[in-house]
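In the two complexes below, chain A is the common chain; its partner is chain B in one and chain C in the other.
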Partner chain A sequence: MKSNDVNIIEFNLCGQICPSTLLVALREINKNSASLSNGEIKLLFKTDNRDSINTIPETSRNMGFRVEVEKRGAQYEILVSNI
Partner chain B sequence: MTENLSGLSEGSARATCIEEEQARQIEILIKENNELRKKVELKSIYIRSKVNQLLDMMGTLPLKTEELDDDMLVEFDPLGIISESFKKVLANLNSTNTKLHIAHKEILAIFDAADVGILHIDKNKTVLSHNNKLKELFFPEKDEGKFSNCTCSELICGNNLPAEGCSFNQIIEGKSKARLRHWTHGDSIFDVIGTPLLDNDGQVDSIVLVYHNITELKKVEEDRRENIQFIEELLKNAPVGIRVFDGESGRCLLLNHATAEIAGGDPETMWKQNFRNLESWKNSGLLKGAEAVLADGVTRILEVEMLTSFGRQPSVEYIISRFDVHKKPHLLVIGRDITAEKQLEDKSRTIEAQMLHVQKLESLGVLAGGIAHDFNNILLAILGNAELALMRLTTESPARKNLHQIEKAAQRAADLAQQMLAYSGRGHFVIEELDINAIIREMNQILEVSVSKKAAMRLNLADNLPFFQGDATQIRQIIMNLVINASDAIGDESGIINVKTGFMNCDQAYLSKIWLYDSLEAGDYIFFEISDSGCGMSHETMAKIFDPFFTTKFTGRGLGMAAVLGIVRGHRAAITLYSEPEKGSCFKVLLPATSSTSLHSDSITSMDKPTEGSGFILLVDDEEIILSLGREMLEELGYKVLTAKDGVEAVDIFTTSKEDILCVILDLTMPRLDGEQTYRELQRLDPNVQVIISSGFNEQEVSMKFVGKDLASFIQKPYKLAELSRKISDIHR
Partner chain C sequence: MNISVIYIVITSFILGISSGFIMHRSDFCIAGMFRDLFLFKSVSKLRSLILLISVSMALFEIARLFGFISIYPFPLLGSPSLANTVGGFIFGIGMVLAGGCVVGSLYKMGSGSVISAVACAGLVTGSGIYAEIHPIWAIAVAQTAFLKGKITLPQIFDITPLPVISVLSLISLFYFYGCFRSGMMTRITYADGSIQPWKAAILLSFIGLISLILIGMPLGITTAYAKTASFIESVFFSAHLDGLAFFKLEPLKYSQPITGMPLVGGPGPKMDAIAMIQFPLIFGIIIGSALSSLILKEFRIFAKAPLRQYLSAGIGGIIMGLASRMAPACNIWHLMGGLPILGIQSILFLIGLFPGAWLGSIILSRVVIK
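Let's turn to the complex of A and B:
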């Protein structure tokens, strides 16, 4: 997925619960941190676990990233990008 | 075999040993394996506990075994993931700390550099910190150490605390920003803003107060307000219209009362005007000028006559200039209503032209009058001598015919002199109360035969006209001259000459518009008007028509209209002229109406017979020929004559012989002592002296010089013996 020349990489974490969702999200953030930091990509995590919309954004923000959370139907979309 | 058996038993024993050894080895291995399993299990437990410990730090649930078994625990490496994440969190915290540190330094710098006093107090109003400006503003002399832990009211307000308490209590109560405007402290005025800093529970933890010293600002504002008021008063009371437009949009930005007065409009409407849309500006050329000023910035002065949007038609002098505000062009329009000035200027121009004309006529009149005066002296000698000669000749003398011819020719010359005097306004006047209608009716017959046969005379005489005072002969001369001219203007074509009379009340404004106006007084006037349907006149002809010796006729002498003007002026009357080429002309003579009785009646043409007299008569004249002739004429009448060639001599003779002198015939114009001065001297010597003034000028002019001086009589040169006789007889009757 592309938006304004920035690649958005999606991860579907539906069906998983914390801390698995958090660990997967952190693993991907760590893996892509360079591209995230220079703004080449954004990571979009889809989850239906309510705890995840607190843990993923909080940890991501502590790591210095910008996080937007949006509810879409029964799911949540957590978009992680550089500040 | 034994060997074989022993060999077998040895072999069996060895085999048993091997099996035992193997069993022991297996047992060891199993033991070791169990130990190893136990260790691995412990490690997994350790890793899982550490992972869970870290996850707990992250605020989430521990890992469940079914989510991640021991094998996957190693493979997925949650510790690695979390530690890598923590590394990043740490890096981010370090970065944030650095930024915060820099921000803190920046805030401190701003805190101290700010031109406002900043005070940080806790919710109990104990001072936490302040900046240098605050100290400078409120306690420049105080030692920093002495006010630690004191409250802001102790530090700043002191006795200046408002009676109702601190204005910033509301910050603590309301948890919101508060502002205190125009707070006075000493000689200074402050705007104070208090902002609460909330703790994590949303409660007020401390307050930041910012003190902005607005004393100077207030003073500047006050000065500005005064300046604005000054400018507003200036604009309001300015005697000129001042208006400012936006040079780009054309919108009106400012106007004063005088502008509205010039336009004759209301300021509210004028505020909404755009100069580019004003018809009055387009039509008067003002718009073109304004655009040129905006284009090149050169100030222009324009004088325009315009019809304003409100229907007024003023003459206005505009000074248009450009000025820029924030690089945007503005149009300054200063207007001065010069309508009255222009009118005055036009009036002055007219008066100046009239004055010039009057002066020209005056000087020509003086010339003509002077010539006529001298002519009359000469003619007196001719006529008198001719008359004496005729008396002394026998009736059969052939010379009588020649003398009659001389008399006739001299009389014609005297008539010409009278016309010149008439032009000069010094003609011989026989003033009486006259009815203009009667004069015209009397003249009608002679007028009809005098005009062209193709010209139809029409009389249009108003009823019940008041009388006027004048000389009937001269009025007839005017009418005759104008009617003859009207007839000449009609020429060989058919046409109408209309003679009209009427009455009108003329105010000064009307009289001032009359071209041939000479300081007439407002009042009732009768008029006669002679108009024709003839060839009319050009402006050039009209301008010269009253000039002496100007004529459009082949045989004209050019004295007719000059004489008309002279008579009009002599009567203190006015004449107007309207003419258009090919359409005709109209002359209107205005005469002051009166109902008073006539002054007196006199005539040069009296032909009474001379009567004999006796006694001494003193004859005074600087002309030798007059003295000689006069002596002869008086002696002919039986008088004894004493002569004096000037006033001084006359006074000398009168001094010695006043008892014997019956009367004095005194010339008016003489060297040394003129007639007027001589008369005064004679009266001083004898208040009852009888003096007859003899002059080539008319009686009216002479009378004016001798008003209230008991002048006995006047005799105009040239005179005849009979008239001389009557005058002398009259004063002794």
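Let's turn to the complex of A and C:
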């Protein structure tokens, strides 16, 4: 997905076992850390796991990224980007 | 139907609905609390569990002092053996692999998680498998038993629980006063309708207390998993079931404190006291969680997950079911019930739970989630 020339990479993590959602999100944030920091990409995590709705934003902020959380239907979308 | 039976069934059902609702809103996942300690070096969730145990400890002792608890220590809690620690260790591995404990899997299933439903099926299977090894395990339990006749820590020293509980309550009071003052107990939440874990811990302590007063025991559900296995076996392998000694046991024997009804029950395929108390609790937890997620419009049956994760949930469930009979009993029974009255079995279970959760976390991160 592209938005204002910034690539948004989506990950649908719905239905997964705990704590896969957070671990996958952490792995992807670390893997794409440089591109995230210079604003080339944003990461969008879709989840229905109530725990990771809180833990992904908390961990991402601790890593210095900006986080927006939005509820869409039965799931939540967590957008991680540079500040 | 007998009025006492209706009273027990309705009370257990209400306790279940309340627990399921609260656990879903706060995502009070005990497996996650232990797992995150090892996987993310995070104690923030575990702190809520310590709060739950501390508050329960004080509440149970106050209730005992005021004469609200008729049977103390409560039924089914027995003398210790090394089996409690071994059971706790195996249980710890299982609950982390399953992605939730015996109650966690239930409330997650209630909100539509198919993977947790697989874990619950594993729990029933594991409880059934235990019946096959029960004769050997019962010998191991007997041979490693110690402090016979002693159930709680104060009983070892022949003292009343009051001074020990008072000291522990005072320590936890100071500890949590500091935690609350420094903001460590409050979590930033984004999920709709979230209940702070510390509030959930206090609410669940009161639910445990109500269960202890009205039912005569704290919350416990795992014998019902074994009972479900026995009902299934009675349909398909009735001759084999008849030869299994485990399903003939009736460890629950007491008089219901409010109605005075004599209650007897065990894991066998009978609609006995275990069925009366634990089945409504199980259905209540599922319905409470389903209600919570429906109100939030978050209920959704979603089955798409990697096969590896389904295998982990199923195997974890089986391990947990097996361990809950080996221990005996589960984390909910020991942590929310036995530990608050300093049950020796529960302390030994907890000692095993930590290394079990550690090993489970290693397997989960290296094998399951890739």
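Here is the rule we go by: the second predicted complex is superposed on the first by the 81 of 83 C-alpha atoms of A that agree within 3 Å, B and C clash if a C-alpha of one lies under 4 Å from a C-alpha of the other, contacts with A are read in each partner's own complex, and residues count from 1 in each chain.
Here, a contact is a pair of C-beta atoms (placed from the backbone, for glycine too) under 8 Å apart; a residue touches a chain by one contact, two chains touch by 3 or more.
Keep in mind that this is a model prediction, so the values were computed, not measured.
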Clash-or-fit label for the pair chain B, chain C on chain A: clash
First, second, both or neither for A:74, with chain B first and chain C second: second
First, second, both or neither for A:19, with chain B first and chain C second: both
Partner chain(s) touched by A:50 [first = chain B, second = chain C, both, neither]: second
Partner chain(s) touched by A:58 [first = chain B, second = chain C, both, neither]: both
Those residues of chain A which chain B touches in one complex and chain C touches in the other: 17-20, 23, 51, 54, 58
Complex contacts: residues of chain B adjacent to chain A: 55, 58-63, 67-68, 76, 78, 81-82, 84-85, 88-89, 91-93, 95-96
Sites on chain A touched by chain C in the complex: 14-20, 23-24, 48, 50-51, 53-54, 57-58, 69, 71, 73-76
Touching residues on chain A, where the partner in the complex is chain B: 17-20, 22-23, 26-27, 29-30, 33, 51, 54-55, 58-59, 62-64
Contacting residues of chain C [partner chain A, same complex]: 24, 27, 29, 31-32, 35-36, 39, 99-100, 108, 112-115, 187-192, 194, 297-300, 302-306, 309, 312-313, 365, 368-369
